Amino acid sequence: MFASLQPNEIEALLLTLKVSVVALVCALPLAISVAYVLSRFRFPGHGMLNAAIHLPLMLPPVVTGYLLLLLLGPSGPLGRFLLENFQFTPAFNWKGAALAAGIMAFPLIVRPIRLAFDAVDPKLEQASASLGCHGVFTFLIVSLPLALPGVLGGAILGFAKAMGEFGATITFVSNIPGETRTLSLALYTAVQSPDGDALGLRLMIISICLAIFALLLSELLVRRLRARLEGADV
Amino acid sequence: QAQDKITVFAAASMTDAISEIAELYQETTNTKVVLVFAGSGTLARQVESGAPADIFISADEAWMTYAQDRGAIQPETVRFIAANQLVLVGPASSATQVDLKVDSILDKIGPLRLAMADPDTVPAGRYGKQALEGLGLWQPLARKLAPMENVRVALAAVARGDTPLGIVYASDAAVEPRVRVVAVFPPTSHASIRYPAAVTTHASTQAMAFLQFLSDKNAQTILRAKGFTSLP
Amino acid sequence: MFDVNVKGRAGTVDIAAEFSVSSGATCLFGRSGSGKTTLANMVSGFVQPDSGWIEVEGVRLFDSSKAIDAPTRQRRIGYVFQEPRLFPHLSVRSNLTYSRWAGRRTVSRSLDEVVSLLGLEKLLDRKPTHLSGGEKQRIAIGRALLSDPRLLIMDEPLASLDYQRKDEILPYLDRICREADLSVLYISHSLEEVTRLAKNLVLMEDGKTTAFGTVAEVLAGAGIEKDGFHRRSLIEGKVSHVDPEFGLVHVGIGAGEVLQIAAPDLNAGDHLRLSVSDRDISIAVKRPEGVSIRNVVQAKLRSIEMTASPHVDVLCQIGDHELRARITRASLHDLGLKPEMEVFLMVKSVSIDEHSPSTPKGF
Amino acid sequence: MFASLQPNEIEALLLTLKVSVVALVCALPLAISVAYVLSRFRFPGHGMLNAAIHLPLMLPPVVTGYLLLLLLGPSGPLGRFLLENFQFTPAFNWKGAALAAGIMAFPLIVRPIRLAFDAVDPKLEQASASLGCHGVFTFLIVSLPLALPGVLGGAILGFAKAMGEFGATITFVSNIPGETRTLSLALYTAVQSPDGDALGLRLMIISICLAIFALLLSELLVRRLRARLEGADV
Amino acid sequence: MFDVNVKGRAGTVDIAAEFSVSSGATCLFGRSGSGKTTLANMVSGFVQPDSGWIEVEGVRLFDSSKAIDAPTRQRRIGYVFQEPRLFPHLSVRSNLTYSRWAGRRTVSRSLDEVVSLLGLEKLLDRKPTHLSGGEKQRIAIGRALLSDPRLLIMDEPLASLDYQRKDEILPYLDRICREADLSVLYISHSLEEVTRLAKNLVLMEDGKTTAFGTVAEVLAGAGIEKDGFHRRSLIEGKVSHVDPEFGLVHVGIGAGEVLQIAAPDLNAGDHLRLSVSDRDISIAVKRPEGVSIRNVVQAKLRSIEMTASPHVDVLCQIGDHELRARITRASLHDLGLKPEMEVFLMVKSVSIDEHSPSTPKGF
């Protein structure tokens, strides 16, 4: 079936992958930091930070997209600043799609990672400190590897969400073929025409296959990881 | 050889027609046309925010006015490129015409609902609401409506038989073989349905040519074939 | 010097510890729940005392009056926790060498040496999860030994090891304890380990330290008074003669008395610290003949401590040394023992607590 | 501010809560079961089940809603069956909105719970078995309470998602005031009209307040729970 | 009866266990990593053997040939794991009574009794997380004791308890072991615990059982040959006289010999099993006079076992009993000991391993 993909379908597929991967790669380090901070520290504003992260999940995606447009569009305050100083604009291009996807996926990435950090035994961090290891390295050598199943879990949720993101994307960066028309948007476009059902079905099958493939792959990764963490001997 | 390129932001309800016109335009002028479809509101806001659009085609006048008020389009270029009718459709199997009367409509709906585009968000819904109000049907039917996210979904609901009746554009009904028009709303019952198009403020020079092309005979033929009516 | 004077709280228990002992091995001894682990955690910086100070080898680790509170990683401790606390995602080898690659501590002891001491050769490439209890414990010991500590804290490190392994590890720890510039804080319930290893002893009860000093001082004191607990008397001696035929060495303990003990690898002139359990000393009123007990020494009976049990403690003196014997009340009566009597002590078993070669040998 | 809420805003607010709560209450037991099965058992189809759960996340919500409509609409196979046999239809009413919200939230609920079950030490389950406790009770007395932070984490994500669900809801049950117009849909409605910005802002502030309130509450719950699990003594 | 014959694998180690011992306490003894815990896990059903059978008190728990494999919860075991494994979310009280409310086991022992034995009164309403190591271990013991087991499996249960607590728990376990219809499988590294508690002994080495039988049989056999390990000889006796003045009882051990031992609460006629460590027996060639050692018995020297160490083992006989003494090679030589000689054994210390009152007293 994939052999008979149309060029524009391949384009949408690759774009989807590019957008999701970039969104994930950029969001993950930030998500890990935020999750760690939320898990280990109590400070004024802790609850607010947590709420802020979850907002994109609770607002209709269209609204999130619209807020992004207002803020980062070519005429938005931040958008203009970026454009004038860095010749960079996320609006109406794939970078913006990745940004929208990343923001929408962020709460889904943070939550499992935070739970995983909550579950890391502080006694192991103590042991690391007693062996002379600095806090930052303890984080990298002990806490993060032990939280890896959660990190992977969050990454999977986030990646899935990024691949399926629609509302915020179409509102923020519109539905431009080859630039921002991901599989999700292509599917929407197809469904918009009365005779687009066949095309829509094709795109849906592609989406589903991609989803299943990504999930099976992730499942494999998780299992490998658990085995390594639990120390199955070779 | 560098190809010229224009970007058209068009209301999603015109997907078919505009795609075909763009293809024709591309063949005749060797200008690449990039088509971007979404809801009129979404597009209007994006054009306002400086989207790289050359042409904006809206499904209703309100959003064009919105764009014009905010200086997103060149006001002198606004023109209507097509019109439409509002019709009541039922499944293809429905034999009879339906009177636009409360009783006969309620009778037809039964325990189910009347599908239409969302009267609050979608232009087709707004026209539908006006038409129903104009005919004194809004009050009695308000609780039996199924406002859909867009006209296509309303159309699909009728086509599949989820709802026995739906209010859609004539252009939608024309291309869906599984429905038939059981009544046409009198044009007087609602504001006239017209599709305005305009060149955006930052448009490239080729934009005007495409706008012109939309009013040409070839384009109008395609629009009529898709069920749009000529401008009065 | 190991100098502690802290007050603090851990959950429901108030901690008030005050002791000051010389370098070397210090044993912390007390019942379950008396606050030993909590005190160790204060020394290592995991629990912050409310007030007071902690000083190890001239370095102030904590001092509330001077707002000193060194972070754990800078305290240069090696901590064998009460539970193994191995890093489950790292191989045994990476666990053992953790302080080198993760803690940037210097290498002061060879990995091979520690691995073979602890019998870990076959485990190096495994992960800790499926190891046996004793295996994990040994790795935890090795990890701390390899961390180049200034203070080694060991919380019941040998609790679940077999006696063969204990017999291998104890002399090694003993040697380490005598290395320059290293203090050991050793928590244990085993009097055998305490007397074999420790120079100093600190007793804890209900969160408070009740006695401290050298092992001999504290054991001779009134700190511990329970049945089933045997006190050991300590004797300093010097090897006067080695008898290779029977594998015995003769150790002069002053006052012209000599003990014969079974021990390999000793040379004439070596200094020894011997310990004798009160249960291994019997008393005779005249020198017994034809008995398998080789060590019969003449002593002066100093005092008799009656107890509520059928046993009494008899304190005797040989030269500078005081030895404690436990005999039945019945025997005391039958033999008519009285203070100032000259008696003969039959010493069935002697163990070597400490050994300093006359000429330094490399360890 | 809440004192000055319009009746239709209050309606939307209450409806949102009703839909989200019902969605969560129905989805949670199923999600816990699925998470446990995915965590503890390996069987053919394991990967497929996992993929199926994540599908709603990866498809554009509109497509999920459309598929729901196809299946459960009055003329869909399952929908007709339900209607004829139980006089029950989820289409175009709040029950359908709850169903859509539940399905969309499902993957978000399952993943953290599954991670939490992964992290429960099987040795404690062994201890329970050795004390004569049946597997089902061991699950209820040991595994589930120990996984509770994960369950709560999943529930929070799911609840947030259910409150914000938009695409699948509007497609499946449409945007009927008082019946299916949740805050999210109301906000969308406002944004979609050229003069709806003021109303949109009001609704957005309501949504944000609700979100912050819900998240702070959940945060409090989680902290209590962790304290209980870690056994802070009273 | 406790009958095991299984083969299996755990990770890298092949397990092959075969033993059959009578009811009562059976001790599993072996070095770290020899497979003791794995075997206990097979008995409790956590690890499935490849083949063989396991039978406890007439109940087949596992039999590969008959496809029997009872689920753990139906095996009615009480398992004190090597690490505490307490339920962290339940209070100490709920942990202790878990088998009653969660496992629907019947109440056979009172909570108060176990709580006061283990000194847990103050902990009942706490959560286990912040308890000390010894506290956790005691709760784990209590939880297993309260689970009404047919088979009690204890994996180094007393490893980190203080000696006072051990002295309180051991006699209790001892009593439990003699209760009808209860077997105990006890894993320990402490010879003291083994001889005080166990009737049977199973030795393990590298995953294989190398010897089994009664403690006396196995200890007398060649199973264990290491320095530092002391063999105990077992003697059956009967209280012939109680001497309240000195707190001693006189125990007839046959052949007209009587041992005097310090023990309260015994009555004339009580049967005892005594054990004597080889280190507590000295040999004299003529009856020593005026010594504090009360127990001097005449015996016939049976054989002499030379070892590589400076010590030799001397086996002597009194009536039916065989006693083992460890003396130095030098003494052997000096005293000119030979088999068949009549000698006098000086027994410094005797412990009571088992006590059956002549008239049953309620425990």
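To keep things simple, chains are lettered A, B, C, D and E as they appear, and every chain counts its residues starting from 1.
Everything that follows uses one rule, which is that contacts are C-beta pairs under 8 Å (C-beta built on N, C-alpha and C of every residue); 3 or more make two chains touch, one makes a residue touch a chain.
What you are looking at is a predicted structure, and each value in this text was computed from that prediction instead of being measured.
Visitor: Within the chain touch network, how many edges lie on the shortest path between chain D and chain E?
Guide: 1
Visitor: What is the shortest path, in steps, from chain A to chain C when you may only step between chains that touch?
Guide: Contact-graph shortest path, chain A to chain C, evaluates to 1.
Visitor: On a CA-centroid basis, which chain has its centre farthest from chain D's?
Guide: Of all the other chains, the one whose centre lies farthest from chain D is C.
Visitor: What is the chain whose Cα centre is as far as it gets from that of chain A?
Guide: Looking at centroid distances, E is the chain farthest away.
Visitor: Calculate how many whole Å lie between the centre of chain A and the centre of chain D, each centre taken as the average of the chain's C-alpha atoms.
Guide: 20
Visitor: Rounded to a whole Å, what is the gap between the Cα centroids of chain C and chain E?
Guide: Here chain C and chain E have centroids separated by 27 Å.
Visitor: Based only on mean CA positions, could you tell me how far chain B sits from chain C in angstrom?
Guide: Spacing between the chain centres: roughly 91 Å.
Visitor: What is the distance in Å between the mean C-alpha positions of chain A and chain B?
Guide: 35
Visitor: At least two other chains touched by the same residue of chain A: list those residues.
Guide: 62, 66, 191, 233
Visitor: Can you list every residue of chain E that touches 2 or more other chains, as numbers and ranges?
Guide: Each of 11, 130 in chain E touches at least two other chains.
Visitor: Check each residue of chain B and list the ones that touch at least two other chains.
Guide: If we look for residues of chain B contacting two or more partner chains, we find none.
Visitor: Pairs of chains that touch, anyone?
Guide: Those chain pairs satisfying the definition are A-B, A-C, A-D, B-D, C-E, D-E.
Visitor: In their shared complex, at which residues does chain D touch chain B?
Guide: Those in contact with chain B are residues 62, 66, 69-70, 73-76, 91-92, 170-171, 174-176, 188-189, 191-194.
Visitor: Going by the contact rule set out above, which residues of chain C touch chain A in the complex?
Guide: Its residues touching chain A are 44-46, 71-74, 76-79, 81, 85, 87-89, 98-99, 102-105, 125-130, 143, 147.
Visitor: Which residues, counting only chain B, touch chain A once they are in their complex?
Guide: Per the stated touch rule, the residues are 7, 9, 12-13, 15-16, 19, 34-38, 42-43, 45-46, 48-52, 150, 152, 155, 172, 175-176.
Visitor: In the complex of these two chains, what residues of chain A are touching chain D?
Guide: Residue positions touching the partner: 46-48, 50-51, 54-63, 66, 107-108, 111-112, 114-116, 118-119, 149-150, 153, 156-157, 160-161, 163-164, 166-167, 184-185, 187-188, 191, 204, 207-208, 210-212, 214-216, 219, 226.
Visitor: Report the residues of chain D in contact with chain E in the complex, numbered from low to high.
Guide: 123-124, 126-135, 137-138, 141-142, 145-146, 228-234
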